[in-house]
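Right after this note come the structures.
What follows is subunit A paired twice: with subunit B in the first complex and subunit C in the second.
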Partner chain A sequence: MKPWSNLRFAFMRGAGLDWMTRLSSGPRRPPASREPFFGPPLQSRHELRRIMTRHYGLARYVKGVRPVAWVTSGAPVELLRAFGCYTLYPENHSAVCGARRMGPELCEVAEDAGYSLDLCSYAKVDLGHALSGRTPVGRLPPPDLLFCTNNICQTVLYWFKALAHHYRIPLLLVDTPYVHGEPDEAALRYVGDQLKALVPELERITGSDFREERFREVLLSSRRSAALWGDVLSTLQARPTPMTLFDAFVHLAPVVALRGLPVCERYYEGLLRELKERVERGVAAVPGERHRLLWDNIAVWFALQPLSRLFAENGCALVAGTYTHAWAEPAARIDERDPWGSLARAYGLIFLNRDLESRLDLMEQIARDFSVDGLVLHSARSCKPYSLGQYGIQRALEERLGVRSVVLEADMTDFRSWAEAAARTRLMAFIESLEAA
Partner chain B sequence: MGQKAAGRSLAAVWPARYPAELLWAHGICAGEVWDPPGDVGLTSAHLQSFVCPVVKRGLGLYLSGTLAPVDLFVFPHTCDSLQNLSSLVKDLLREERPCLAWYPPRGSGPQALAYAESQLGSLSRALERVTGPMRDGALEEAVAWGERRDGLLRDLYRSRAEGKLRATATEFYEAVRSCEYLWPEEALARLEAFLRERRAEQPLKEGVPVLLSGVLPAPASLLQWLDGEGIRIAEDDLIACGRRVLREPLESPPDPWAALARRQLAWPPCSTAGSPLRERIAFLRRLVERSGARGVIFLAMKFCEPEGFERPALVEALRAEGVPLLQVESELEPEPPASLVTRIQAFLESIP
Partner chain C sequence: MASLYGGLDVGSMTAKAVVLDADGRLLGWGMAETTPQLAVCGREALDGAVCAAGARSEELAFVVGTGYGREALPFVQKRVTEITCHARGACALFPGAALVVDVGGQDSKAIRLDASGRVLAFAMNDKCAAGTGRFLNAMAATLRTGIEGLGPAGNNSTRELAMSSTCTVFAESEVISLIARGEAVPDIAHAVHRAMAKKLAGLVRQAGVGEPAVFTGGGALNVDLVRCLEEFLGVSFRIPERPQLTGALGAAHLAREATPARSL
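Entry: the complex of A and B
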């Protein structure tokens, strides 16, 4: 069985998968005509689609060939790559399900199994997938192990505990204490020590030895990817912006799911080139850009299109976001000469794991760097860690920056209580207030 | 106020698990903020509607000004909501009194133990800034109080599980929950008296024994109603109560710091901790067996993320064993809704 699986995986990784994808997708359709309030679409989107399709496509052939790990988005995946694990990100998959408007359907599967309506919909979409096998990406291999870091929220731990129970597989946890004020060295030591202690555990689970050289290579690659992503985002400081945050939400996928791999670096090199060219040529993502906005929280995946349209047709470009920014943070912290300590800093100090004062400072800084004149705070109904505190953040930032803001009540994937007309009215009132300011 | 008169400082402590002994050693009486009465309307400028009632009630109490006599706040980082609440009070409401964090390690093994110990040290230094240096021997004394309290709670729980306690649920939880706000010596005296007066030699064989699982034994009216219906809560797996009782005595190292650190990792399995689900299931099974509970009531707190993710697996496991179950959701309404009353009655009828 194993030699055949190996062979099949090697073939697919070579030319097989690309060939099959071309065959099944047929001739490329001419692009739909763009509405005038959008600039020309990014060419890199084709490459993005190719590498993400390939990532999910290859996953179908990897079972039995390499250990399959399901990983939280903020986990130090570099360690798993040193063991040759094939990593999949339930959060990324949930975002894909959300964008394809499968959120409610999968949430309902989880709810039928007893998960409450009020729980994180990313988690419920994933549990719904685990229970039903339904997914828009064909098929996902069940995991051999789970790797969780609670630096983005404690909820991922509850979610992954449920998955570990469902699949009866090991759950490896890197516990990252929440940071108030200045980083606490004892907490960072705790994170680093846990990482080191995982090495023998991973050797046992994967049956592979820890390859330190490989680990350092991955760290370097990860740092480059994060830095490139930071450079990509920096191009949005240009006026007019060459892409909006709605694009950034989509182009975020590789740095979440593929960081530490050369394909990720290559992708962002290409995207950065394209964006720089657009800046040079003054190509606007939103022609006639009048207002520049900062978005707080995860995307409303099911409404990306109507929201981006509404903002663009009113001359508003979303140019910065807290969530997208988070993925550039590790660049300054990863140091291959101090792998454990630097990984602990890179992952233990991400802004979602820090107090609201730090979040305020960061948002203020981003707002100034990107010349923002308005804030949109997405209050995600089922994401408490990101949303609880937003009302106070809104007031504080309005005061610090002297800008207008709006809170948009929505969710990441579950549109059952989404009131589009009400949201539209609220956003229009906000945009009018920007015009009047 | 009595505590202040006795020269003690006061701390408002949010749920759930934290080293109370360290506060006592610093001469601080902890008052835990679980489900205080009050107006949650005050919180609407700060919290969205989808936040759990425990966080809302706690913030409501804070905003009402009732906590004015308190000298400091302690926020265990039990869940995302409490974690954010700690920062909301400190960073957005700009509370000037000390807001101290306690992070219950989710990990296990030597790394978690070392981190718990180091946190105890830093929490103690922060407390010293409020109350001055700790008196010699104070920590040893406080740890001993903690161990006595554990022993008494264990006895209480055991007596109740064996049906040898003459107490309604309301009386039982009033006694147990007095540990949430009394100075330890007073709480010990109260628990001792309660045990002395209420323990029976032989099982009393009264009421239908059930196990209550969830966050809190609340609202009070629900307990009264259960008492009235002949339901005997024989065991509980409540975050505020049974999940804070060490079910076996802990072999403590002589060093009080090490003993206190060890204890932070020795609580029963909980949805808010890193413990695997199979441990919680095994824990529940033991409780059901030990108490002879003939059914389990899951009293779910609305918007409680940790409990919400764990309950389906618990329900599935118990159902597979044929244990009658009832799941009800609460927002800590003062009166149990009529529909709930009807459902509990139907559940009781389903118990063989």
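Entry: the complex of A and C
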């Protein structure tokens, strides 16, 4: 069994999968005609599609060949890569389900099983998938292990416990204390020590030895990916911006799901090249850009299109976001010469693990760097840690920056609580007030 | 032929229209009940206003549509949100207005304005029936006062009752148990208004309290509600003669401003 699986995986990883995808998708369709208020689409989107399809496609053949790990978005995945794990991100998968408008149906599966209506919809979509097997990406390999860090929220802890119980597999957990004010060195040492202590566990579970050299390579690559992603985002400082945050939400997938792998670095090198070229040639993502906006919180995946259209139609370009920037954060902190300490800093000090004051400072900085004249705060009904305190943030930022803002009530995937007409009115009223200012 | 300007506000319960002349004088207004054919009832309200103005539709030089039905009106030249229209309408009636509270059929909003009438900030309740005209309708039905009778009833209250819930569904059952307990209708009505005003006060504080303050929308017709909100916020409200028309009036002014005055 094993040799055959190995062979199949090797073949698919070589030419097989790309070849199959080409066969099944037929000739490449000419791009749908774009409406005049959008600039030309990014060429890199083809490559993005290829690598992400490949990531999910290969996952089907990996079972039994490499240990499959499901991880939270804020987990130090570099450690798992050093053991050759194939990693999948339930959150990323939930976002894909959200974009394909499968949120409510998967949430309902979880609710029918007894999960609360108020639980995070990323968790419910994932649990709904685990219980029903339904997914828009064909099939996901069940995990051999779970890896969770509570630096984004406490929900993931219980969600991953439920998964561990469901699949009857080990759950590895790294506890990252919440940071009030200045980072606490003792707390960071505690995080680093937990990471070190995982090594023998992972050796036992995966059956491979820890190779420090490989680990350092992964760290280096991860830092490069994050730095490249940071450079990609920096191009949005240009006026007009060469892409909007709606593009960034989509082009974010590799740094979430593939960081630490060469394919991720290569992808962002290409994207960065394309964007720099656009900036040089003055290609605008939103022709006639009049307003530059900052978006707070995760995307409203099921409404990306109508929202991007509404903003573009009215000359508004979303140029900065806290969620997209969070993925460039570890860049500065990872240092392969101090693997444990720097990894602890990189993941222990992320945006969502810090107090409101630090969040506020960071948002103010981003708003200034990207010269925004308005804020759109997405209050995601089911993501409490991200949405709590937004009204206070709104008031403080309005004062500090002298800009206008609007709170949009929505969710990442669950559109049962989404009122399109009301949302439209709110956003249009906000845009009208920007125009009048 | 005179150049007239129309404002049409198609809300969830009624469509309202206003016609102005080139100098911004109100010539006529019309209303129609909102039906699923938004364009038809919108047209009806607008025709009513044109007719009341003693004019003909061809004389309309520009019409601005607003309200939740605005996207469905093919005959308007421009669409503007209720926020901007209510702000504009309130400023036309009360120059210098700093705060507008609007309680409409399906939502309520608070709008904070700067000295020149530009929208600084706004807060909306567009998700929950509590705090909107629907809530008042439901309460009036339960108390059998009729929507017009609810305000005066509350005004006659002599005893303060506690009401814990502003959720329309739960409030209804709470009201029913108050009735069963033998409480007087005026006291219950007043408790309902206090509960609703409390919710509205939160909304207003989100946008920012300011004076002069204007109360618009059908909710402004409820004297007791207005008084409760005044108490909570410590402001006194100015009420237009026909508060429901404020959005349409603002839209008509925006229509007038959208077309540059023709020099003859």
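Before moving on, here are some points about what is shown:
Methods note: the second predicted complex is superposed on the first by the 437 of 437 C-alpha atoms of A that agree within 3 Å, B and C clash if a C-alpha of one lies under 4 Å from a C-alpha of the other, contacts with A are read in each partner's own complex, and residues count from 1 in each chain.
Heads up, the rule we're going with is that a contact is a pair of C-beta atoms (placed from the backbone, for glycine too) under 8 Å apart; a residue touches a chain by one contact, two chains touch by 3 or more.
Here the structure is a predicted model, which means the values were calculated and not measured.
Bringing the complexes onto one copy of subunit A puts subunit B beside subunit C with no clash.
After overlaying the two complexes on the shared chain, residue contacts for A:D355 are found with subunit B alone; subunit C is out of touch. With both structures placed on the common chain, the touch criterion links A:L388 to subunit B but leaves subunit C unconnected.
When the two structures are aligned on the shared chain, A:A396 is found in touch with subunit B, with no touch to subunit C.
Of the two partner chains placed around the shared chain by superposition, subunit B is the only one that A:W159 touches, whereas subunit C remains out of contact. Contacts of A:E201 after superposition: neither subunit B nor subunit C is touched.
When the two complexes are overlaid on their common chain A, residue A:L119 makes contact with subunit B while staying clear of subunit C. In the superposition on chain A, contact of A:D193 is made with subunit B only, not with subunit C. Once chain A of one complex is fitted onto chain A of the other, the partner contacts of A:L173 are limited to subunit B, with no touch recorded for subunit C.
Between subunit B and subunit C, the partner in contact with more residues of subunit A is B.
Legend: residue contacts after superposition of the two complexes on their common chain; A:E277 is shown touching neither subunit B nor subunit C. Remark: least CA distance from subunit B to subunit C after fitting both complexes onto chain A is 6 Å.
In the superposition on chain A, the residues of subunit A contacting both subunit B and subunit C are 391, 409. Residue ranges on subunit A touching subunit C, taken from their complex, read 391, 398, 404-405, 409, 417, 419, 421-422, 425-426, 428-429, 432-433, 436-437. Put simply, subunit C touches subunit A in their complex at residues 68, 80-84, 107, 118-122, 124, 126-127, 206. Within the complex formed with subunit A, the residues of subunit B that make contact are 45-48, 50-51, 55, 77, 79-81, 83-88, 90-93, 101, 103, 105-107, 109, 111-112, 114-115, 118-119, 122, 271-272, 274, 276-278, 300, 302-303, 305-306, 308-313, 315-316, 327, 329.
Within the complex formed with subunit B, the residues of subunit A that make contact are 113-116, 118-120, 123, 150, 153-155, 157-159, 161-162, 164-166, 171, 173-175, 177-178, 180, 184, 186-187, 189-190, 193-194, 197, 355-357, 360, 379, 381-382, 384-385, 387-393, 396, 409.
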